[in-house]
Amino acid sequence: MIRDDEFFYGHKACGGCGGSLAVRIALKVLGERTLLTLPAGCMSAVSFNYPQMSYANNAIISAFAGTGAVMSGLKAGAEAMGLKDYHVLGIAGDGGTADIGIQALSGLIDRNDEGIYICYDNEAYMNTGIQKSGLTPFGATTTTTPAVPGSRGNIKQKKNLFEIVAAHGIAYAATASVGYIEDFAAKVARASEVKGTSFIHVLAPCPTGWGIDTSETIEVAREVVDTGLWYLAEYYDGEYHLNRRPKEFKDVGHYIRRQGRFKHLKDEDINEIIRLRDKTWDRISGFNTAR
Amino acid sequence: MIRDDEFFYGHKACGGCGGSLAVRIALKVLGERTLLTLPAGCMSAVSFNYPQMSYANNAIISAFAGTGAVMSGLKAGAEAMGLKDYHVLGIAGDGGTADIGIQALSGLIDRNDEGIYICYDNEAYMNTGIQKSGLTPFGATTTTTPAVPGSRGNIKQKKNLFEIVAAHGIAYAATASVGYIEDFAAKVARASEVKGTSFIHVLAPCPTGWGIDTSETIEVAREVVDTGLWYLAEYYDGEYHLNRRPKEFKDVGHYIRRQGRFKHLKDEDINEIIRLRDKTWDRISGFNTAR
Amino acid sequence: MIKASLEKRKKITKLSQLPQGASCRAGVLVDKNAGWRNKCPVFDPDKCIGCHQCYMYCPDGVISKKGKKIQIDYDFCKGCGICEKICKTGAIYMEEER
Amino acid sequence: MIKASLEKRKKITKLSQLPQGASCRAGVLVDKNAGWRNKCPVFDPDKCIGCHQCYMYCPDGVISKKGKKIQIDYDFCKGCGICEKICKTGAIYMEEER
Amino acid sequence: MKEITWYGRGGQGAFTASRILGAAAMLKGYRALAFPSFGPERRGAPIRAFTRISGEGIVDRSIIRKSDYIIVLDDSLYDKEMLNNLKEGGRILINTKRDPEYFGDDRVIVSDISTQAEKILKRPIVNIGILGLLTGLDPDIGPDEIFRAIEEYMPNKIADKNIRLLDRIIKLNGGESDDQGLS
Amino acid sequence: MKEITWYGRGGQGAFTASRILGAAAMLKGYRALAFPSFGPERRGAPIRAFTRISGEGIVDRSIIRKSDYIIVLDDSLYDKEMLNNLKEGGRILINTKRDPEYFGDDRVIVSDISTQAEKILKRPIVNIGILGLLTGLDPDIGPDEIFRAIEEYMPNKIADKNIRLLDRIIKLNGGESDDQGLS
Amino acid sequence: MSGTRFISGDEAFAQGIRLARAQVISAYPITPQTIVVERLAEMVEEGILDSRFIHVESEHSAMMAAMGASAMGARAFTATSSQGLLYMAECLSYVAGGRFPIVMMNANRATALPWSIYGDHRDSLSLLDSGWIQIYVEDAQEALDMAIQAYALAEGEEIRLPVMVNLDGFILTHTYEPVDIPGQEVVDAFLAKRNTWDKLDLDKPVSMAITVGPELNEEFNILHHKASLRALETIKTVDDKYRETVGRSHGGPLRTYRTDDADYVLISLGSISGLVRSEVDILRNEGVRAGAVSIRMMRPFPKDELVRALKSARSVGVIDKDISFGCEGTVYTNVNSALLQGRCYIPAYDFVGGIGGRDISVKDIEECFKDMMSGRLQGSVKFIGSEVKDDQG
Amino acid sequence: MSGTRFISGDEAFAQGIRLARAQVISAYPITPQTIVVERLAEMVEEGILDSRFIHVESEHSAMMAAMGASAMGARAFTATSSQGLLYMAECLSYVAGGRFPIVMMNANRATALPWSIYGDHRDSLSLLDSGWIQIYVEDAQEALDMAIQAYALAEGEEIRLPVMVNLDGFILTHTYEPVDIPGQEVVDAFLAKRNTWDKLDLDKPVSMAITVGPELNEEFNILHHKASLRALETIKTVDDKYRETVGRSHGGPLRTYRTDDADYVLISLGSISGLVRSEVDILRNEGVRAGAVSIRMMRPFPKDELVRALKSARSVGVIDKDISFGCEGTVYTNVNSALLQGRCYIPAYDFVGGIGGRDISVKDIEECFKDMMSGRLQGSVKFIGSEVKDDQG
C-alpha cells in the first residue's frame, strides 16, 4: 500500500514535525498521480520556495480560504482534460480547515466532488507563530490565548470538526493520529476508494508549538489517543464507527504535563480536561464498532 | 409571549412571503431591545430602501458572508457600552447561511457568543432570482439547475444544516416551519433564554420561487412537515429532540405537484423523494422525543 | 404599540438634509404598498370568532387585534389571500380589487 | 523511485531564465537542509531487525529501505531523534553533531 | 425614434412584452432596445419596462422620460401624471373594463383585454394581447413581425395561445390581421 | 555606526540577544535597531539577526552586509565566507569547544560558552552569554547596560540565570564586571 | 443558435462563452450578473455546451475553482459583480500573478455602502491594480465578441493573463437589442482549443502558485508587468484575426472618434460612449471641434495611444462613473498621468457621474463639453447629474 | 508601561491601541501583523487593557465584527496584512461607506502570486479606492503616535471615516528601536472616549448599512468624498493637539524635506523615507539641490500641498513599492495627476522597487537622483534594484 517513493522531501519543516509526516505518508499511499492542493500553512510554506520544490507530484497552493474550491476546480479541470486514474487531494491545517476554510470545505462536500481532504491538526496557527484556532484544545497557551498568571490559556474546546463534516452526510470521514501511522495510511487508502468526497482529520503534534522535544512527536501522538483525548473513528454509509475503544485510558496528567503549552495548568484544570473527555466518550458511546 | 408591536412593516416583500412572516414573528417575540443584523437577501432588500425603513427596531445589514461575525461584534460592542437586557439577532436566508455565511456562522457558534441566529429557508437564492443554494431540495428547478426536458432540476439534496450546527455542540438549535407559527415562536423564545449561541432553521415558502399562489404559503409550509419532508426538532444539552413524530405521513405527491418548481418531476422522482425522506427518518429515529 | 409609520417623504434639496453614513431612523415609511393588490381581503365581523389566527399568519402584519376582533390596514395589505385561507369561519374573503 | 532531488542552483542573470507565472518543475531541490542538526542519528546495522518502523515514522522521509535494513540521507536528516525513539532494538542512537 | 413605456406589476409580463415588441421591430428592420426599470422585481410590486425603436443606431440607453406610447397592463396602476409623460401626439393604452370616459382624456385608449385573456389563456395575462392596440395605431408596428417575435422568443406552449389572443384583440379593435400562416 | 550580525538556529535565541544588545545600547544613550532576518523561523533552521548601534538617528533599515562583529552561536554554522562580510577591524565571535587555531584567522575569537551555559542554565543556550565576549572587546558596549537590558526585557526566571552566565563569561574572558548590585 | 437575435448583454455574453467552448464554469449569483450564469447553466443542462458547471458557495470559491480548473489546462469562466468582485479580490491578484488565463465577466455595479444594485464602475476600477487585463464594452454585440476575443487574448503565449470584461450593469446586462451570433465553425476557426504547457501534468509534475523570496520576487512581477503591456498590441492582432474570420472588428485599446483635429475631447468607458459620440456630432454641426475617446482597455493602460489621440486638444474631460474618495475619479487619475508623461500639458477635467446608477443624460454630456470649452470650472473635479445643492461649503 | 522602551513597530502600535483604549479588538493572524495582535491579546488577558478580544475565523469576519462593535458606538480595532487585507476588501468599502471610524493597522506586505511574506506596498495601495483614510508611517515611534491620532481623526465629527495605518512589513513591524510610550493620563487628555450619536441605540432605533437607489446614491458618495477631503486639514489640527498634550508632532499629510529650493525631489512612502532624506543631505553637500517628500497620507490625497512642494522642482521622482501591472506604480499615477492639475508641468519618473521585499539601498536612491538629474531615462517607469537582465526586449 505504501510506495517507496518520497513525494515530500527536502522541505523546511521543523525537525520532528508531525504534519510533515502526515503529508509524506498520505502521498506515499496515493502515489504520483495525485493532484495536490494546499492552502497557506506550514505544509506549503516549507515546500514551495523557489527554486526549492519539495513536492515531487503535482501540487498547487490555494488561497487560504479556498482549498475545497480548488479541489473542485482541479476535479472539473481534470475531467475536462479527459484525465483518468488520478486522485484529487487537499491538505490543510486546522486553521485552514476549521476556521477560514470551512466555507469551501462545506461546499466541496455538498457538491460531493470526488477528492480527499486531509486536515493535519497541530491545534493552532503554527506557520504564523502559534495563534489559537478553532481546533486549539482547552487549556493550551497560544500567542493569542496567552496563559498569564491566573488564566488557563485557551478556554474554548476544540471544534468538533469530524462530526461537523459527517453531519454533511459525506461519503467517508475519519479521524487519525500520526502516532498510529498504519491506521492513518489505511484510512487514506480507504478514502481514495470512495466515490465522492472524503475527509480525514489527523492529529499531528508540532514540537515547536506544543513545547515538546522534536523526538517526542510520535509518543505524544500516541498518548493523545491512549488517554482518550482523541478518538479514532470513521463515518461511512451514514454511520459512525469507532476504531478503538480503550478499556482503560492512560494518564491524562502525564500527557498534559510533558507539553510546554500546558505547563501552567493546575490539577483542577486537568480534571476539567478529563471531565470533558468523559463527556465526549459518553456522546460517542453510540458509535458502532468499526470493521 | 407575542407582542402587539409590529417591528417589520411596510416592507416590499412579495405578497404571501413566508420569510417575512418568520421575521415578523421572531421580532414580535424578541421585542424592541433587539439588535438585528441581516445579510443581503430578500429580508434586507425589501426593507432598507432609503428613506423607507421597515424595521422599527435597531437593524444593520451585514456583508453577505458576515452575519455571524457582525453578531459577535454587536455583542462585544453592546458589552463595551455597558448595555443590559437586549437580544442580538441574526436573520439570514438559506444561501446566506448554508453557503457563503457558514464560515462566520461556524465561528460564531465556536465562540459561543450570545445571540440568536435564524435561517429562514426558502430553498434558493431568491433575491437574485431563484438560483440553487446548498438548501435547495432534490428535484427543484431553479435558474441554475433548470429542469430541461429529460432532467430533474437540482439533483443534490439539502445540506443538513441543522445537524451541522448541532455538531458544533451549540447551546440550542431547532428546526421550524412558518406553517406552525406558534411552534416557531416558542422556539424563538426558548432560544432567547439560552446562554450562548442559538440557532433556528425555519422553513419559509416563497410563492415566487416555488411556483405557488401567494395564498398557499401556509398550507405548503404545513404540508412539508406533515409529509415528513421536513422535521421539527430541537437540540440542546448535547441531545436531539424530535418535536413531532407523525404516525402517518401525508401524501408527498400532493405536496410536490402543487408547486411549479417541481412540476417536471415524474412519479419515479417522487418515489425517490419518498425514499430519501424515509432514510432521513431512519437516521433521526434515534432522536429523543421532545419535552 | 411600536410600528413603522407613514410620514411625508421629504424632498431632498440640500446635501445637509442627508445622513452622513448609511444610516437612518428606523421604522420610517414614506410609501404605501399601493398597487400591489389584485384581490382584497374583506372582513366580516359577524363571522369572526376572534381566534386571531389571521393576525398571526399575515406576513405583512397588517391585521391587528381590535378587541376580540381584527382590523386590516389596507395601506399595506398586499392581497396575498393567506388570511382568507387561515380563517376557519370564513370571516375573511377575497374580492377583486376595486 | 520518485523523489525530489538535488540540483545545482542556477544563477539567474536574465529574465528569460525565470518561469512566466508562479510555477516551477516539481521536486527540485537546490539546498540541503544543512545546519539543522544538533544531534545526528547513527545506525547500527547489527542491531537492526528490518522492521522499517523508523522508515515509516521519519517525518523527513530520509530513511530509506536498503534490503532488509535501512539507510539515512544525512543531507536532509534534521536530527529530530524520532527514529531513535521508534527503534525498539536500539539500532539507531543519537550522537552530538560533529 | 419611437419610445414606449410599459406599466405592470411584477409577474404580469410587462418586460416580456417590451422585448417582444423590440424583437418585432428588429424583425421589421429597425434598431431596437428593450429594458426593464432596473432593480429586483417583486411579485405584485409595480414595475416599468421600456422599448425604444429607431431607424438608426440607438445610443441613448437611459430611462424613457417622454413616451410615444404608455401601455398600462392593469388600470389600478394608471395615474393621471402619466399624461404629462407623453410626447406630442402620444397615447396611453390601458387594459381596463372601464369606459374611456372614466379616464377623461382622449389620448387614453382603453380595451378590456383581460376578459379575452381569461377566455383564451385561462389566465388574466394581457401583456401580449395589449400589443393588439398598438398595431392598429402605429404603422411602424405591424402584426406580422409581432407574431414572428412571439414564436421565436416565447416558449411554444404560451406562444400559440398568445398569438390567438393577439389576433383576437387586433380584430376586435378593427385592425386587420391574418395569422393563418403563423398560428 | 556599529553593526552586528548574529548567526544561530531557530530556537537558540539569536534574535533575542540582538534585541538585548540594542536595548543595552539604548540604555547607554545610543540609538539602536535590532531585527531578525525576516521570514518565518523554523526550529532548527539557520537564521540571522542584526543589531545596529549609532550615536545618531539610524535611517538605514536594510540588512547588514558588512559587520563590525559577527556572532555565531553554534560553530556548525560558521562559514569562512563570513570573513568577507567583516568591516575593517571587524571580529567574528564563535561559541565553540574548538581551539582558535582551528579557524585559522586571528579575526576569529572563540570561547566555549556552551559548557558554562550547561552549568548555569542547565541548557546549552548561549545567546546572552556570548555577549560577554563583546563587552571585553568593544568600549561602547558595557556590561552594566546589558545587565539592565536583560532585567528589563527578559522574563525574571531566565533573566537572573543569564546575568550569572554573562558575568561568568566576562570574568573568564578577562573582562571586569561587578554584578553584585544586579544579580 | 446563430443569426441575429434580440437578446440582452448578459445573454450575448453567455452566447460568446458557449462559442468559446469554456470547459469549466463556476459562478455565484449576484445581480445584475445572474442571467449570464443562468443561461450557461441551461446550455450545459440542455447539452448544448459541453462544460462542467460548478455550483460554488461564494465568489471566493468561484474564482478558486476556476483557478483549479485553469491549472489543469482547462478553459475556465466565471462572472460576478460589485460585492462579489470585492469578495474575490484576494483571488484576483492571486490568479493574475499565477498567469491563469481565466475570463471573467463583470457586471459593473456600485459598491456598498450604501447598498445599490445599480451600475457604476467603482467595482472593477477599484481593483485595477490586481494584475488583470480589464476591458469595457459598449453594447451587447461587443459583449459577445469580446467574450470570445478575451480567450484569444488571455491565452496568448506572450500574455497568459486573466481578462475581465466589464458590462455596465442593467444598462448593458439587462437591455435587449439585436445581436449577431456567429456560427460555431466560424468561431472555432478563430479560437482553437486551449493548449498550454503551463499546467499540472501527470507526466511532468509541476509546483504551482509558489513562493518567491526577495531575491527574485520583483523579477516575477516584472515579467507579469511586461506581459500585461504586450496586451496593448495583442488586442489589435486578435481583433484583426477576428475580423478576418468572424467578420466583425472592435479595434484596439481605444476607440477614438473625430479626435484628429478636436479641440475638446471627452473620454469615457462603456455604454455611455455612444451618447458621447452623438453629442460630438451635434457639436461638430454647431462648429465646435469636439471629439470623443472611449477607453476599451483600462489595464494595460494605453498611455501612448491616448496621448496621441489627445495631442492636439485644448482641453480634455473624463466621464468617471467612479470616485476614489478623497481624490478623484480613477480613470481621470490615469489619464492625467498619461498626459503628464506624454508631455501633453493641457487642462483636464473630471466629470464624476453615474454613481449608484444615476442616469447620465445628453444634457449632462453637453454640459461637460461646455465646461471644458469655457474653462469656467472651479477645481478639476465636478460631480455631474446631481440636483442636490452642496450647502456645506 | 511608559517611558522609553526598546520595542518593535508592531509592539509600539499595540501600545498605542492600549493607550487609545480600544474597546473591541478582532483580528486574524497573518505575518507580519501577528505581534500587534498577540501583544493586545496578552494585555487583555493580563487585565491591563479593558477590551473585548474576538477570536475571529477570518479577516472578512474580523472586519465585520469590528463593524458590529463600531455600530454599537464602541471603539474598535483590527489589524491585518496582504492577503488578509485583500480577503476583507469587500468589507473595506462597506465600512467606509457606512462611515464607521474603525482603526486598522496594516503591515504592508507583497500580495500573491508568487507568495511572499515580505514588504511592499501593493496590498494597501491596491485598495486606495476603498474610501478609507490611508496613513503611512516611518518608524515605530510614529506608529505608536499615529495609532492614537488615528482615532482622533477617524472619530472627528466632520470626518467619521475608518483609518488604515500602514507599517512596512518587517522593516517596521519587526524592527526593534527606542520608542517613547506616553502615560495614560496624557493620552486620555488628548483622546476622549468615543461619543457618537451615530450608532444602534436602544432608545432611538436606527437602520444601518441601508440601500440608497439612483435618486440619491451619488449624493451619499459625495458626502463621503467631502468628509475624506476634510481629513487633509484635520490631520494637522489633530497633530497640533497631540503636540500640545503629548508633546510630539508628526505634521500633516506630507513631510517635506529641503524642498523649498529643490531642483530634484524624490517622493516616497513609509520607512524608506529616512534613507531618502539622508541621501538628500549628501547631495546637498555635493552642491545638488535635492529635496524629499514623504507622503504620510495617500487618501485623502494632498494634491495641492504636493504641488506646492514640487512647484519649483525641475524634475521629480517617485519611489513606488508598488506596480499596477500594465501601467505604473500607483503613487506615481497619483502624483502625476496632481502635477497636471496643479499646472506643474515637469518631468516625473517612477522608480519601482522594493517589490516582494527587495532591499532598496542608498545606492539605489543615489541612482534615482542621478537619473532625475541626467534625464537619461528611457520612458518614465524604471524598476530599481534588479540585477537580472531584461533580455526580452
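A, B, C, D, E, F, G and H are the chain letters, set down in written order, and residue numbers restart from 1 in every chain.
Everything below uses one rule, namely that contacts are C-beta pairs under 8 Å (C-beta built on N, C-alpha and C of every residue); 3 or more make two chains touch, one makes a residue touch a chain.
The shown structure was predicted, so the numbers you read here are calculated from the model rather than taken from an experiment.
Participant: Going chain by chain, each one touching the next, work out the least steps from chain D to chain E.
Facilitator: Contact-graph shortest path, chain D to chain E, evaluates to 2.
Participant: Which chain has its C-alpha centroid farthest away from the centroid of chain F?
Facilitator: Most remote chain from chain F, centroid-wise, comes out as E.
Participant: Which two chains does the highest number of contacting C-beta pairs join?
Facilitator: After tallying contacts for each pair, the winner is G-H.
Participant: Going by average Cα coordinates, which chain is farthest removed from chain H?
Facilitator: The chain lying farthest from chain H is E.
Participant: When the centre of a chain is set as the mean of its C-alpha atoms, what distance in Å lies between chain F and chain G?
Facilitator: Centre separation, chain F to chain G: 57 Å.
Participant: What whole-number Å value describes the gap between the mean CA coordinates of chain C and chain E?
Facilitator: A distance of 32 Å separates the two centres.
Participant: Counting only Cα atoms for the centres, state how far chain F is from chain H in Å.
Facilitator: About 35 Å separates the centre of chain F from that of chain H.
Participant: So what's the Cα centroid distance for chain C and chain F, whole Å?
Facilitator: Computed from C-alpha means, the inter-chain centre distance equals 78 Å.
Participant: What are the residues of chain B that contact at least two other chains?
Facilitator: 12-15, 32, 45, 48, 50, 53, 55-59, 61, 63, 65, 99-100, 102-103, 106-107, 110-111, 127-129, 134, 156, 207, 214, in rising order.
Participant: Residues of chain F that contact two or more other chains, please.
Facilitator: 39-40, 44-45
Participant: Tell me, which residues of chain C touch at least two other chains?
Facilitator: Each of 12, 15, 18, 21-22, 24-27, 33, 36-37, 78-79 in chain C touches at least two other chains.
Participant: For this entry, which pairs of chains touch?
Facilitator: Chains touch in the following pairs: A-B, A-D, A-F, A-G, A-H, B-C, B-E, B-G, B-H, C-E, C-G, C-H, D-F, D-G, D-H, E-G, F-H, G-H.
Participant: Provide the residue numbers of chain E that touch chain B in the complex, in ascending order.
Facilitator: Touch residues, chain E against chain B: 10-11, 40, 42-45.
Participant: Under the stated contact criterion, what part of chain F meets chain H in this complex?
Facilitator: The contact residues of chain F facing chain H are 19, 22-23, 26, 31-36, 38-40, 57-63, 149, 153.
Participant: What residues on chain B touch chain A, complex-wise?
Facilitator: Per the stated touch rule, the residues are 65, 98-100, 102-103, 106-107, 110-112, 134, 156-157, 159-160, 163-164, 166-169, 238, 279, 283, 286.
Participant: Could you list, by residue number, the parts of chain B that touch chain H in their complex?
Facilitator: Spelled out, the residues of chain B in touch with chain H are 32-33, 35, 37, 45, 48-50, 53, 55-63, 65-66, 68-81, 83, 86, 103-104, 106-107, 110-111.
Participant: Note which residues of chain H are touching chain G in the complex, please.
Facilitator: Going through chain H, the ones touching chain G are 60, 83, 86-87, 89-90, 92-98, 110-116, 118, 122, 125-131, 133, 209-214, 216-222, 224-226, 228-229, 231-232, 299-301, 303, 322-328, 330, 332-334, 336-337, 339-341, 343, 345, 347-348, 353-359, 380, 383, 385-386, 388, 390, 392.
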